[in-house]
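What follows is chain A paired twice: with chain B in the first complex and chain C in the second.
Up next is the complex of A and B:
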């Protein structure tokens, strides 16, 4: 396996990486341009389009909504997902196999169909407030990631440690918090980050669940692009990219990035 | 204490999974089931919404266009993803982790941002047109946006990183001694590739292909921004029927068609992947 790949293959891989990186570089360049239209390479450097993000109230509001939804949705998904992942591993024999498949379903179903179905049943059908419907949609959107990532780290946990603690007199609930949870801490952090980023970037589920006055950042960007073609969107994009880099740096520090590639 | 805990095993398991189970059933299965069931309760007849869908030339065109875009995206991502994953796997340690990070990063950048980047590149006054004009290759700007090619480029851009990462995982799991045995028994590198590596990678390739196909079959933001109305796909048609025309029956029919096609492909392909796995015992 140590032999070098054929030069043509190396060339193709280099082109693929060029293809992956260049558009992102262009977005950063366009965001820094001093012109009123989108251009690259930037003509005159300026940060005024970054100021413009916060000058537009729709962006200010949707950034806050997006962060609230991503944070709360991830939190709820962890609260219901961690016990589920634990039970799926701990009671593997007692629980039916389809239960594990059930939690992967939100990935199998087309997101846009899911969003439409929630609009029909919750917002229109039951009169659920827009924010609540959005939160429910995002919670379910990220639940599969939470269950899968935490299950993966529980799979390598030795449950006999837990049994030892219980047989020595520790209460099951206390054992979970003092023995099991600290051992899968890395998995919980990874699940949180993956879920948070997924929710923050989501378009398809949010598309139908935004209403008057309540929208998420990606939906607002989409609406803005269709009306104006100025560098504001480029600078919002860069802002989102910085957020991603920051999150990735934290992951790299704590877990190593190969963890996310799994 | 221990004994009581053990006896309650099954019940404890059910209780712990209950909140998540109820959430998935109540907020996902029931609403989607209701959308699909609703399409069969049309006063015009049981299959009326489907008949009017398939009798419309425009809507069948949209369905086939969506399938075509998804298929081409999958094939292109598969070819380039496989070659790239092969190189990434053989890169020396430090470079390898750098290449993996470089593939993860675009994956974590939102779909809107990634589609928007191509809007700047492919637009009428975009970078590509400016470059072509400056080099004198064309005398007037080319119409690249709102074509099927633009949508496919945007989709390949979306899914190549995913393909590279999942195929690196697949290739990594192929035991090295199998390949060494092949070459030490006299097979040429090309023969090792076609007769040993590729057959072993096929189940993983299928899993990657299903991910990309279903992802591009149901994508909304990329076809909306790069394809516009001229390249309407099922996802954009669904949104347009529901939010612009308020045609709820039409929208539900599209939703049902998308769901059935997606789930059929996922189940069929994962069944095939399991059956042809030569490493399965």
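Up next is the complex of A and C:
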């Protein structure tokens, strides 16, 4: 084996990057276009379609709602998912095997069906307010990802480390926070980002659960393109990408650093 | 600070499977006791019971007279050293060692001082700021040792601490462990499946089998005077021959096995019961070509070279036996010989029922 990668490998990698980047370039280009219709390459350069996002109140409101739902939903999913993943791995021998499968089952259900079922049970059945129903829906939507990702991280965690800490006088709950969590930090960060993005981009579940006055950004985008063909959707997409990257950066920094500082 | 440990009639189960049965063991203050036995015999389970990671289904455990049975692990004050080191990967070597001191509310400056002093004792002060991942196996185990010792626990426990190290390092490290343990006078329980390791560093060794204690004594006694066939086989008494006494005249006891009679001097063997087992290592059967020798007739089979002796697989009416013969006169397969027991290398065991 030589140190340099094979030319074919370089070629394939370049191709993959190309196909990944092209849509981004097109969307960013279209968003900057000065025309009143979607086009690429952009004709003229302007930020007016970005301004337009904030001129439309529905966009302003749904951006806030989407961020709130994604943030709270992810947080709740982590609060449930981390202990669940911990228990599943810590007591792997003692617990029945199907228990782990239970947490991934929702991924198998088509999201449309999932959304409809939630509509029937939460909004129609139990009369839960729209925002709460959305929050529950998104929490359940991202929970399987959280459990999966953190389980994967815990699978390589040596629990005798936890026992060593306890034997040295650290109470079990404290040990979980000072010893176990810092060692699955990467998993928690990955789970946070994956859950946040999944929630922020979700259409199928939200489609059923949005109601009068409360909607999410992707649903608002859908509503907008039904009526207009201007570059606003492109600029909203760019904004969404920007938000996602920003969240990833913030999560990396804060979670990463607070854990490192113990 | 050194305290005795008492395990009183402890039984333990995993689910419905019984893994320890009625185990009693007393470790004196400052003593190092090894639990020795094959994999799966319950050594780790015993340590986990003492540490409090597992609760006994019956019996009790006391340390320095204090009943541990209902005390949670983090309040037991026991130093643990694991086979896989179990260092905290996200902390530096120094922070690892200082961890237990931090839990005891000791001020940062003081715990740094004490942790450094302990690292000095295991020869790793220079690596204090490294991450554990950047250490060799031997260094990791020294850090683990320092981490357990620095809290000055009344009891120190090791679970196969050297199993992941290579042979040479294992020998060096066990001497080091013993020296530190002696210097601190810490009561210690040491788990291993390696007989040489257990015998070399322990004050006393508990030999376990299938969740039961088989014999608990000083290595010298275990090695020379095993109490039962299990321990005898474990410490290398490969020949165990059943005998019945047919006549006693003065010091001469005549005993018979498979139709062969053997006269044994009672004074050399101690008390000889009417039915007994004669147990010897291969060294304890002298291969004699003298037809008049007082021994068991045998036909030699395969000969192997041990360096210090030749070893013969022998066929006798009493079954298959193994004997060592001198280097000066190698004998051919098929030679008819007498196997003469050397009393000082043999031991008499009580006949056991259907064991």
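A few notes on this one:
By our rule, the second predicted complex is superposed on the first by the 221 of 262 C-alpha atoms of A that agree within 3 Å, B and C clash if a C-alpha of one lies under 4 Å from a C-alpha of the other, contacts with A are read in each partner's own complex, and residues count from 1 in each chain.
Throughout what follows, contacts are C-beta pairs under 8 Å (C-beta built on N, C-alpha and C of every residue); 3 or more make two chains touch, one makes a residue touch a chain.
Every value quoted in this text rests on a predicted model; they were computed, and no experiment measured them.
By the touch criterion stated above, A:166 is placed in contact with chain B and with chain C alike.
Of the two partner chains, chain B is the only one that A:203 touches; chain C does not reach it.
Of the two partner chains placed by superposition, A:68 touches none, neither chain B nor chain C. In the superposition on chain A, A:35 makes contact with neither chain B nor chain C. Within the superposed three-chain model, A:158 lies in touch with chain C and out of touch with chain B [touch as defined at top].
Of the two partner chains placed by superposition, only chain C is touched by A:182; chain B is not. When the two complexes are overlaid on their common chain A, residue A:87 makes contact with chain B while staying clear of chain C.
When the two structures are aligned on the shared chain, A:52 is found in touch with neither chain B nor chain C.
Annotation: chain A residues 163, 166-167, 169, 171-172, 260, 262 touch chain B in one complex and chain C in the other.
By the touch criterion given at the top, residues 158, 160-161, 163-172, 175, 179, 182-183, 185, 259-260, 262 of chain A touch chain C in their complex. Put simply, chain B touches chain A in their complex at residues 1-2, 5, 9-10, 12-14, 16-17, 19-21, 23-25, 27-32, 34-35, 80, 83-84, 86-88, 90, 97, 99-106, 108-114, 116-121, 123, 125, 127, 157, 160-161, 164-165, 168-169, 176, 179-180, 189, 214, 217-221, 224-225, 235, 238-239, 242-243, 248, 251-252, 255, 258-259, 262-263, 266. The touching residues of chain A, when paired with chain B in their complex, are 1-5, 9-10, 12-13, 16-17, 19-21, 23-24, 26-27, 30, 37-38, 40, 79-81, 83-84, 86-88, 90-91, 94-95, 99, 102-103, 105-106, 108-114, 116-122, 136-137, 139-140, 143, 147, 163, 166-167, 169, 171-172, 197, 200-201, 203-204, 207-208, 218, 221-222, 225, 229, 233-234, 237, 240-241, 244-245, 247-248, 252, 257-258, 260-262.
Across the complex, chain A is touched by residues 51, 53, 72-80, 82, 84, 86-90, 99-100, 103-104, 144, 147-148, 151 of chain C.
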